[in-house]
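When the chains are written out, they are named A, B, C, D and E in that same order, and each has its own residue count from 1.
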Amino acid sequence: MISMNKVSKHYGSFQVLADCTTQVHKGEVIVVCGPSGSGKSTLIKCVNGLEPFQSGEIIVNGVSVGDPKTNLSKLRSTVGMVFQNFELFPHMSIIDNLGIAQVKVLGRTQDQAREKGFKLLDRVGLRAQAEKYPGQLSGGQQQRVAIARALAMDPICMLFDEPTSALDPEMVNEVLDVMTELAQEGMTMMCVTHEMGFAKRVASRVIFMDQGRIVEDDSKDAFFDHARSERAQQFLAKILHH
Amino acid sequence: MHEFDWSSIPNALPFLWDGMKISLEITVTAVIFGIVWGTLLALMRLSPVKPLSWFAAGYVNLFRAIPLVMVLLWFFLIVPHLLESIFGFPRGSDMRLSSAIAGFALFEAAYYSEIIRAGIQSVPKGQMGAASALGMTYGQAMRLVVLPQAFRNMVPLLLTQGIILFQDTSLVYVSALADFFGAAYKVGDRDGRLVELLLFAGAVYFVICFTASRIVRHYQNKLKVA
Amino acid sequence: MGYNWNWGIFLQPTATGDDTYLGWMFYGFKMTIALSLSAWLIALAVGAVVGVLRTVPNKWLSGIATAYVEIFRNIPLLVQLFLWYFVMPELLPESVGNAFKQTNPIMQQFLASMVCLALFTSARVAEQVRSGINSLPPGQKNAGLAMGFTLPQTYRYVMLPMAVRLIVPPLTSEFLNIFKNSAVCSTIGLLELAAEGRQLVDYTAQPYESFIAVTLAYLLINVVVMFGMRWVEEHVRVPGYLGGK
Amino acid sequence: ELSGTLKKIKDTGVITLGHRESSIPFSYYDDKQQVIGYSQEMMLKAVDAIKADLKLAKLDIKMMPVTSANRITLVQNGSVDLECGSTTNNVERQKQVSFSNSIFIIGTRLMTKTNSGISDFPELAGKNVVTTAGTTSERLLRKMNEDKQMKMNIISAKDHGEAFLTLETGRAVAFMMDDALLYGEMAKAKRASDWVVVGTPQSFEAYGCMLRKDDPAFKKIVDTALAKAMTSGEAEKIYAKWFLQPIPPKGLNLNFPLSEAVKKLYKAPNDKAFE
Amino acid sequence: MISMNKVSKHYGSFQVLADCTTQVHKGEVIVVCGPSGSGKSTLIKCVNGLEPFQSGEIIVNGVSVGDPKTNLSKLRSTVGMVFQNFELFPHMSIIDNLGIAQVKVLGRTQDQAREKGFKLLDRVGLRAQAEKYPGQLSGGQQQRVAIARALAMDPICMLFDEPTSALDPEMVNEVLDVMTELAQEGMTMMCVTHEMGFAKRVASRVIFMDQGRIVEDDSKDAFFDHARSERAQQFLAKILHH
């Protein structure tokens, strides 16, 4: 489904990604973790072409992302993405947030879009908030809307960039629950997150990054039981300690 | 097409330079007084003492509502007379420069006060809290913690306003003061070479203001990195 | 103070007998408003386009937009006005320049003033638009793109609607500025408010009355514009955002 | 005892004179930024008399440029003690300031391109005509336009220089102004021979020096000094210097012969306004 | 040391604190937790008078905070406070951050202040960063500087307002370690935090707030083992689950 081959990226002389290679198969849930600044967000944004990269190759569903001839908009409409800061469109009501891209990108009618939107809001438990604006919801609610918005495009896979790190501790779980459910339904997912509980529950594999490199790319159990690199062990110790 | 004749510019350079000195003098003095008075106004505006903040708000809104040309005319033609008849202030006879500077300084103070107020408000509220929590008084916290940061954040805007002020000095032509623009205009008028002198003046202003704004931008970028 | 106050002057017929002095002031007032409003509409349109171009990834487009802004920002309005009115027709091909110069002089003055004010202000509007777009959370653009919007669609549906709302307050002061800046247009002979005020001084030698009247007229414009823009601000306010209800 | 302006001058030892910047040949800057011109020399005659009358060993002269728009206010508010330039003495202005004995009489006429074919005012109907804002010519022109339904487009330029530029660049076919000033503008033109002054004078106007109202002592000294210059033949010499000989900035000779009206004025100096 | 008696505060008609009563004795470490918006920050800021309150009484070290005659600056200089966003002064070097209040408030000489500053930087392991500016340090380092800055005033007690919630997960522990050490040395502390591991390790008592009220005020063990109120149990379930 997603295959990366020796992807490298730099800003000036600063190497953000170095020779990153990995595969994500249909139905897999990949958790990406690593210290701040290690390039996790950049890696995941390269997958749908939000960040350009200088060398290497990324193939998503048979389409090469780096190829200048690729219609990136079309590709992106098939890949759902959820951001740390939700990034709902603040000037639209919740249901319009879910509808706008369906109408303008996929060409659905307004009615189809609303129907689909309500169905997904139901699913994330926010049907009652459909006519409110993003600013009137709590962080956890906003993030659930953001997930619903991505799902409204019927994506073939989903990318998450630290979806819970901007949330109050109390709200983390309502979002993780939605994600867990998605994973269990067989959605292909790539999640940047530090929620190791979530990783332990649903991840197929864990990727650990440091300084732009993929340092570990293990099955979940292998990673938690005996991460090979020292850096990953240190990191896990710090994260899990409290 | 117009036939250009640039020959009157070289001879006029000393006169034009005198004009430039006047423009710069007005700019520099008005910027300094404007910032000082603007800071006081901003502090008044933010102060919990209602009459002070009303006064500052009224002052700022009044000056921001009137065209600068009108303000300059008021200061040139009417204010000196009022001062004399009300307070009996003796007056030097050539009020052009001093009235222009006073007009600019009081006018710009209104704009500076808004910039500085925004600057003070852009300092996170927690900074005031942190300074107070260390036992600093309101005055100490303002002076040692908030204002230095506000000014640092605002330097680009303050300088940009200075550049605008420099451009606006051309408006002192209303009092027949020969600032740079006035000088260029007068030379052009006298020699029948207005088109050439206006083009020249435009080019000089552009070079100066563009360079200045580049310097500001450079400083701004440096600030961002720090 | 040795001054003959005479507020009745406004009701007297003018020296040329075509109107009262109040009528002159009113003509100037209308001229100021017509000039400022027409220039403002152009400034908004041009400024929005240039401001957007400044933020696009294409180096050429953003470079051109930057050059535009720098030129119109760094030359004093007064100089630009003279350049438009006196110099521009001389630089045009002779037939075009002459055609312009043969039109009704009020039209010439009005057009030159309008173009000058509009372009001068458009550079400032462009800067506001740019800063509005840049002050949006950077993730908004990514969020738009990630949903499959093209870049123009992302601007159209995601970034501009919010950016425009954010810049209503700074645009208010640009809008006020255009009225104030229009006072400069009296220097090329356009009879707007400030010019009529000065003409009144020339004809009646009553400077105080005239200045006070003109100043009050500007204050009036200011108050009306502020209330108008506040109304706009309230009506575009997004619920739950920026302290909105 | 001394009062008003005289007292101020005596106390401070300074007199502030108002002058114009480009009213050729009455009051303008030469290329060293010195004020020169016919009115300027007449004003200096008055200043000499003031100095003598006050028995001052030294009198500081401050020069202050004024414009058509601000000159009256500046005299009123005390910024300028005496202004001699090209200010017409008329009844309205007399309400705000006093005028000295007149120093010159002009007629308001037209300047046009030599080959324009225009020879008098009626031919201006339907055309663009320029004049300087705030002058009596502007009033006359507007009134004529109104009364005779001439459908002229009247352009009011900010100053004489701008008015002439408007004419020169072809925006107007004629420039109406005081004849002496029209000759002065010609002196600045790129090619003086391109321009002619034509038309029947629409009015005659007396130029006077402005001073503050209700200061008879000061006015008396100025009037006396000016009258003396005119009756003694000095004025005629000054006239010849500025109107019949080459003058700065370009060394052009205005060739503007002494008119009957001015001759009459020199014989019998007075401070009457025309109209 | 700190005693609160029926403290209430409201913004307009909105009740932020309602009848809050509690005591903190010398050497105690109190952890304050509760859902977002429950008034934790407000409560702790009332202690050193950073937030005014409308009724009730707070006595700190024998001085009444609400009394208009109290010299609040003087009181605050004896109470250390650490904020969620560090609030170091960005325009001063680290050592000057530690020195400024010592000089301007306590009247120490520049040299005394620097000496004290270096000693405390040593203690939080940041001596090497003394001449840097806050913007050049990581979040965890900044927060440790902030603690050192508060300690430089020789406070009789310390207040913490979510000192780790703005930190990357990796950096949380370096700050908690410093705080644990402080607690073990016998510093009187009031900490708003969601780090239940920290609470379990060092808290004497835990206060749970909800909607402006102190709902629970128990010894640590009592709180974790059998919190009485339903709201606190729910909260703990959410917080501890992942």
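Just so it is clear, a contact is a pair of C-beta atoms (placed from the backbone, for glycine too) under 8 Å apart; a residue touches a chain by one contact, two chains touch by 3 or more.
Values in this document were obtained by computation on a predicted structure and should not be read as measured data.
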item	value
Set of chains whose contacts include both chain B and chain A	C, E
Touching chain B and also chain C, the following chains	D
Farthest chain relative to chain E (centres taken as mean CA coordinates)	D
Remotest chain, chain B as reference, centres from CA atoms	A
For chain A paired with chain C, centre-to-centre distance based on mean C-alpha positions, whole Å	46
Rounded Å distance between chain A and chain D, as computed from the means of their C-alpha atoms	82
Cα-centroid distance, chain D relative to chain E, in whole angstrom	81
Distance between chain centroids, defined by C-alpha means - chain B, chain D (Å)	36
Chain C: positions in contact with at least two other chains	86, 90, 186-187, 207
Multi-chain contact sites of chain D, meaning residues that touch two or more partners	69, 73, 76, 162, 165
In contact (per the touch rule at the top): chain pairs	A-C, A-E, B-C, B-D, B-E, C-D
Contact footprint of chain C on chain A as seen in their complex	45, 48, 50, 72-74, 76-81, 83-85, 87-91, 100-101, 104-106, 132-137, 149-150, 153
Of chain C, residues touching chain A in the complex	137, 139-140, 142-150, 153, 157-158, 161-162, 165, 238-241, 244
Touching residues on chain D, where the partner in the complex is chain B	14, 16, 21-22, 28-29, 31, 33, 62, 64-67, 69-70, 73-74, 76-81, 159, 161-162, 164-165, 168, 188-190, 249
Residues of chain E that touch chain A when the two form their complex	35-36, 168-170, 172-173, 176, 194-195, 197-198, 235, 238-239, 241-242
Contact footprint of chain C on chain D as seen in their complex	68-69, 72-73, 76, 92-93, 95-97, 128, 133-135, 139, 142-143, 146, 153-158, 162, 165, 169-172, 212-214
